[in-house]
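The following pair of complexes shares a single chain, chain A, combined with chain B in the former and chain C in the latter.
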Partner chain A sequence: MLSPEILITILIYGGTLGGVLALLSSGFTMIFGVVRILNMAHGAFFATGAYIAYTIVASLGTAPVFATALAAILVGAIGAAMYRALLAHIKRLEATVIIVTLALALILEQLLLIRFGEHGLNLSPIVAGVVEIFTIPISAIRVLALAFSVVTLALLAVFITRTRTGKEIVAASQNLEGAVIIGLHIEKLFLLSVFISSVLAGLGGALYAQVYGVNPFLVLRVLVLAFAIVIFGGLGSLKGSVVASFIMGYIIILVTMLLGARWSEMVALMTIIAVLVIRPNGLFGVRD
Partner chain B sequence: MLYTSYALSEKISGTATRRNVLKYAATAVVVGVVAGVGGYGVGSTAVQPQTITKTERVTQTVGGVTTVTQTVGTTVVQTATVTVTPTKPKPSPPPGRTEVKIGVLAPLAAREGKVQENAARLAVEEINAAGGILGLPVKLVVADDKLSADTAVAEFRRLVTVEKVDVITGGFSSGVMTATMEPMAELKTIFFADASSPAHSRKVGSNYEKYKYWFRITQNNGITFALDGAEQIDYLRKKGVSIDKVYLIRDEHVWVDEWEPLLTKLLTERKVEIVKSVKIPRGFTEYEPLILEAARLGAQAIFMALAISGTGDVLAKQWATLRQPLLLIGHDLAAIDLGYWDKTGGAGEYVIFMADGGVVGTAPPTDIAKKFIDNYTKKYGYPPEAHQGFGAYDAVYLYKKVVEEAALAGEKNPFDSDTLVPYIERYTYNNPFVWTRKVAFYPKGSWGPDGTRTDHDLIWGDDYVKNWMSQWQGGKQMVLHPDWLKNADLKLPPWLR
Partner chain C sequence: MRKAWLRSYVGNLVGVAVLAAMFFPLPLLVDEALLYVLGMAFLFVLLSISWDLVTGYTGVVNLGLTVFVGLGGYTSGLLQEAGRLKGTELAFISELSGLPVYATILIGGLVAAAVGLAIGAATLRLKGWYFALVTAILPLVFVQTTYVWKDIFGGEEGFVVHASLGTTVVEKYYAALAMLLVCLVCVLAVTASRIGMRWRAVREDEVLAEALGFSTTRYRVAAFVLSSFIAGVAGAATVHYRLVANNDLYDVPLLLLVILAVVVGGAGTVWGPVAGGLIVFSVKNWWLKPLVYGYIWPAGIPLNDDMILYAALIAIAILRPHGLWGSLVKMPKALSHRFNRGPIQPKIPLSRAGR
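After this line comes the complex of A and B, so read on.
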């Protein structure tokens, strides 16, 4: 029987972890849902966001909140540049896209290793200290990271469902040929989608570094995590990714608290496999 | 018996004082030289017999309990036989030999490997500048084991059979080391080794003739982390910190499996309960729920056994943020790294850790250690980036020393590994090779605190090499214990005071 204290701890910590994972996975699923490319460099963008924020704070002495925002925008620009320079020309070749983006991820990882070394770095949090929720102490930056995630994802939902450009992106993701026929500027929409996707990754990375820390090996680690989550949620489904992120967050914390930390990610991944056996297209995926 | 360290104090009284004996010795030397005493034998001069009253004090620690035995007033007769330094010309190397080759086999992409190459190179340069070994120039040959057992085995063979090195120093990964010991045994090559797994010295113990060429020079057998852990508890209690419950966070890896049972036993003897032992996977970062659980279970300290996870810095950061009434103690490889302070954004302050390898930069245990750190920093632009550097540096100089001793003793081939093993083994209890550390090896047939063999491991103890109890204070690694080395007192986190 779970004590109320343990239950509250699981609820709070699972939620905050799920929030950061949602930022990571929603960008990954968005670029697939709209542009139909599997961006294997997404994890690299996540880590790059953290390192850019760190560099801005360390070299310019900027407040972490500005560094976080600036890092997210810069990673968005990097993603857009990558799309324009490379992916736009090869996006029809699925295997080529996977290889090219994976190669980019490894190059970025190597560059981070050369520039920052193999050891982790700490990014000063936007807010320091601890807040108590139902008597459970929790670091303030975790709560803020969850708030950032919720607000960002809510804004994304509003943008997609309420704005003309957002609706055009949805239209393009649902029926590319139809979108072309009605005269939508597809390339512009793709570029914007890649930019937004990369911004989400950069923001997630900058926040992650404040809660935990960052090292170059995150590039591949979070890629695997993001991949697993979006498949779990349903490839291309934004709602599915967000729900799957929170389920993943809760499973990791629940298992850490009840079974032991050693089983946390393993149980989470086994759950995903079990769900996919029953629902091969994921929680919110649709059959092709 | 866990370990024995000796502090021998001698008081000379009666008709002979220490100064007098020295005076007689000096006189004898002068007389000997003037009289033309020389040759390669031992010259001696007898002086008047002197009566000496000797007080011997032996400190012995068994299982963490220290007993002091003092023998007072043993009267001995000092015949004052004085050995005169031989004046025979320096021994020459075997005919046909033109150089000495020292091999380094380490993971060069990792700082723990690169530092070994750098340190060995510095030692070789210094030795060559001072005339080499037996007058021969020394050449360094470096190979990368790439943290792969296959590569390490192949490179060990290449170093010995192709490059013709005389001795090898290096290693890092315990798994790689286990594999590398096979070509070492086959090729009968002295191997001054890193890595901490007890399995290595057990191999020496199980088949001495085969594996006797292996000497663990960089750090103590990993089993000793349990002894260090128990000492941390003793120290904290001595400083008035009440500890009867600890929460263990440990790597899910065999290196901790080796010593956790002994730690549990030692803590139980001290009436300290391990309220929970949590195994974490590589890359784990969700420490905050564990910290809260530790506090909830009433632990006064979180005891770390972290290396493979690679995220000890994240634990420190979250521990400092939550400010629960817990100390952070134990062993964390990340805390030994000089970059730990930056990595944790200063959150590493107050973390108590074990400094592997026997040297902390702010409190060098010997003058040579201090010089080495200075010279290394001057040459490479930064201080030794990992403790393995001290082992590699000592290894090169120890090899030089034993080769010269073997030559001095008239050995036909002072570079032969079989010849050199007994010379290296002479550096044991009461006769350490004092270089950057006091290097001494357990003799053949030694048994460790866990009941397994420890042949050719570094002797663990305050007077030898130990994982010094240290604490991060003000951005620096400071030594808390033992007293002869400490450069700081314990500082408790403000949320515990």
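After this line comes the complex of A and C, so read on.
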């Protein structure tokens, strides 16, 4: 029953979704790991990235690849501004941070609804057309989005493990007190982490919109997916969230193919919750 | 201890009596439109009391409150409109038609409490962050159910319910007021009792509470179940008040409105959420909506009532991080105490450095 064609389709489709989700959730888990805040506006940044890219293409007529990059950087700036203006002073009050960022997410959602309406929009893809993989036609943007995600995540890994700044960020996430004592500029590292995290969200959103389209309700839908992924992968673990993203992507694609699209997210979320009940700290979560 | 309990209990009863005396003669004084909003506000206050029981009293952030509002609402609504269940495995329920509306509201509350017991028992073992995230996932799962089984739940539009809390607006108003007063008396009795004291002990110092020999998880689950029951009853009553069962009962904006009410009134108290709930709901529906659709929209400003309330919530949370009346002081302290125990947290007040 499983022909090689279907198998390859599942492999690519799940990989694309997993890759985009990995961009989304690695940013979410990174902000938690370093700054120790749960950014409920992360899904809003994802959707905002898509809409900014759409607006740039529509109003300036630039190439989608340029719009995607610019949107990612602009979302990074929005994230950094949010951290500076709203969160820097209250970040130790965990409940307050959750409430403030959730309120911000819903404000952004309402803005997008008022500005763009509730119907989905399609962002013109960076590459049009289809490519044939083992004689199976697959739209080129799917393959490119997967490649983009993998390259970006690889760059992130290199940045964190190989560069001085990246190592400082890791140090701050491992032992904040120690990082302060050896003279690291903590606030700068926090701001940089929030910026990177938001850039990843914006990039993920812009790519997602090119493959699947975008609507304002993504703000909460992808946020919840990010929650499920990071608790499955282990809060604060980049490796865990990347692995969990691809698992999530494949679960969603499989359920969509077997049961239909309307079941996909529900089944995926239930699966994650069930796993969590058995393994409360996720796949790679730190036990404390 | 017994004397103090008695004193606070008598004080609370006087408070309930004052509240009743304030709202009882109102139908003689104001018009039906305002009465309708106030009756809805009473049911909304039930939600803010309910959220505060878990988050304010036992100190874990529950982002899944609306699951129980929706469960209560859909359960009671479907029991009254049992014809919707024909052709499913639940068709036998359609033979139960003709149940009194208060019976189905109670069943709605019990179903919510049962699901609350299952969810609470599974998730309250989790550490604070994980609990917040898992409970945040649940409302979306339940919203999806209304789309997946569209024939039963009616999807986005929901379905019309014919059984009403009362035949006139005044009757509905008194029904809602009565439910609020009964709930208030019960919750005040529980929070003033030994159980309420232990909830606060769990919030203030989990380790000490365990050392004193009572299970923090069990007490949190108890608070969670009571909270789910109240939320379920409030959701069911709302359905029979406005006569439509709809998936906005499950949705996040409702949760944020509840949080705003508790933040305005003060967490970890019962009277705070009562005041906050009445203020927030009336302001939103009586004052803010006409303002937005009468003046702001025609002027072409892209703002709506929800956005103004969310902005107010952000402003309050940042300018007065301890709540409008200072009573949130206890909650964040207890939370940061629990979360900050790891080696990751700074002892040096870094947040001050940037000020």
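In this section, the second predicted complex is superposed on the first by the 282 of 288 C-alpha atoms of A that agree within 3 Å, B and C clash if a C-alpha of one lies under 4 Å from a C-alpha of the other, contacts with A are read in each partner's own complex, and residues count from 1 in each chain.
The working rule: a residue touches a chain if its C-beta (ideal position, glycine included) is under 8 Å from a C-beta of that chain, and two chains touch if they have at least 3 such contacts.
Owing to the predicted nature of the structure, the values given are computational and were not obtained by experimental measurement.
In the superposition on chain A, A:111 makes contact with chain C only, while chain B stays out of contact range.
Shared-chain residue A:212: touches chain B; no touch with chain C. Contacts of A:11 after superposition: neither chain B nor chain C is touched. Once the two complexes are laid over each other on the shared chain, residue contacts for A:262 go to chain B and to chain C alike. In the superposition on chain A, contact of A:73 is made with neither chain B nor chain C. Of the two partner chains placed around the shared chain by superposition, chain C is the only one that A:220 touches, whereas chain B remains out of contact. In the superposed pair of complexes, A:275 makes contact with neither chain B nor chain C. The partner that reaches more residues of chain A, of the two candidates chain B and chain C, is C.
Touch criterion not met for A:150: it reaches neither chain B nor chain C. Across the two superposed structures, the residue set of chain A contacted by chain B and also by chain C is 221, 262, 265-266.
Against chain B, in their complex, chain A makes its touches with residues 5, 9-10, 13, 17, 117-124, 128-130, 136-139, 141-142, 212-213, 215, 217, 221, 252-253, 256-257, 260-262, 264-266.
Here chain B touches chain A in the complex through residues 110-111, 252, 278-281, 283-286, 288-290, 292-293, 296, 310-311, 313-314, 317-318, 321-324, 334, 337, 339, 342-345, 347, going by the rule given at the top.
Partner chain C is touched in their complex by these residues of chain A: 32, 36, 38, 40, 86, 88-96, 98-100, 102-104, 106-107, 110-111, 114-115, 173-177, 180, 186-187, 220-221, 224, 227-228, 230-231, 235, 262-263, 265-266, 269-270, 272-273, 276-277, 280-281, 288.
On the chain C side of its complex with chain A, the touching residues are 55, 61, 63, 122-123, 125-130, 132-134, 136-137, 140-141, 144-145, 147-148, 252-253, 256, 259, 263, 302, 304, 306-307, 310-311, 313-314, 317-318, 321, 328, 331-332, 335-336, 339-348, 350-351, 353-355.
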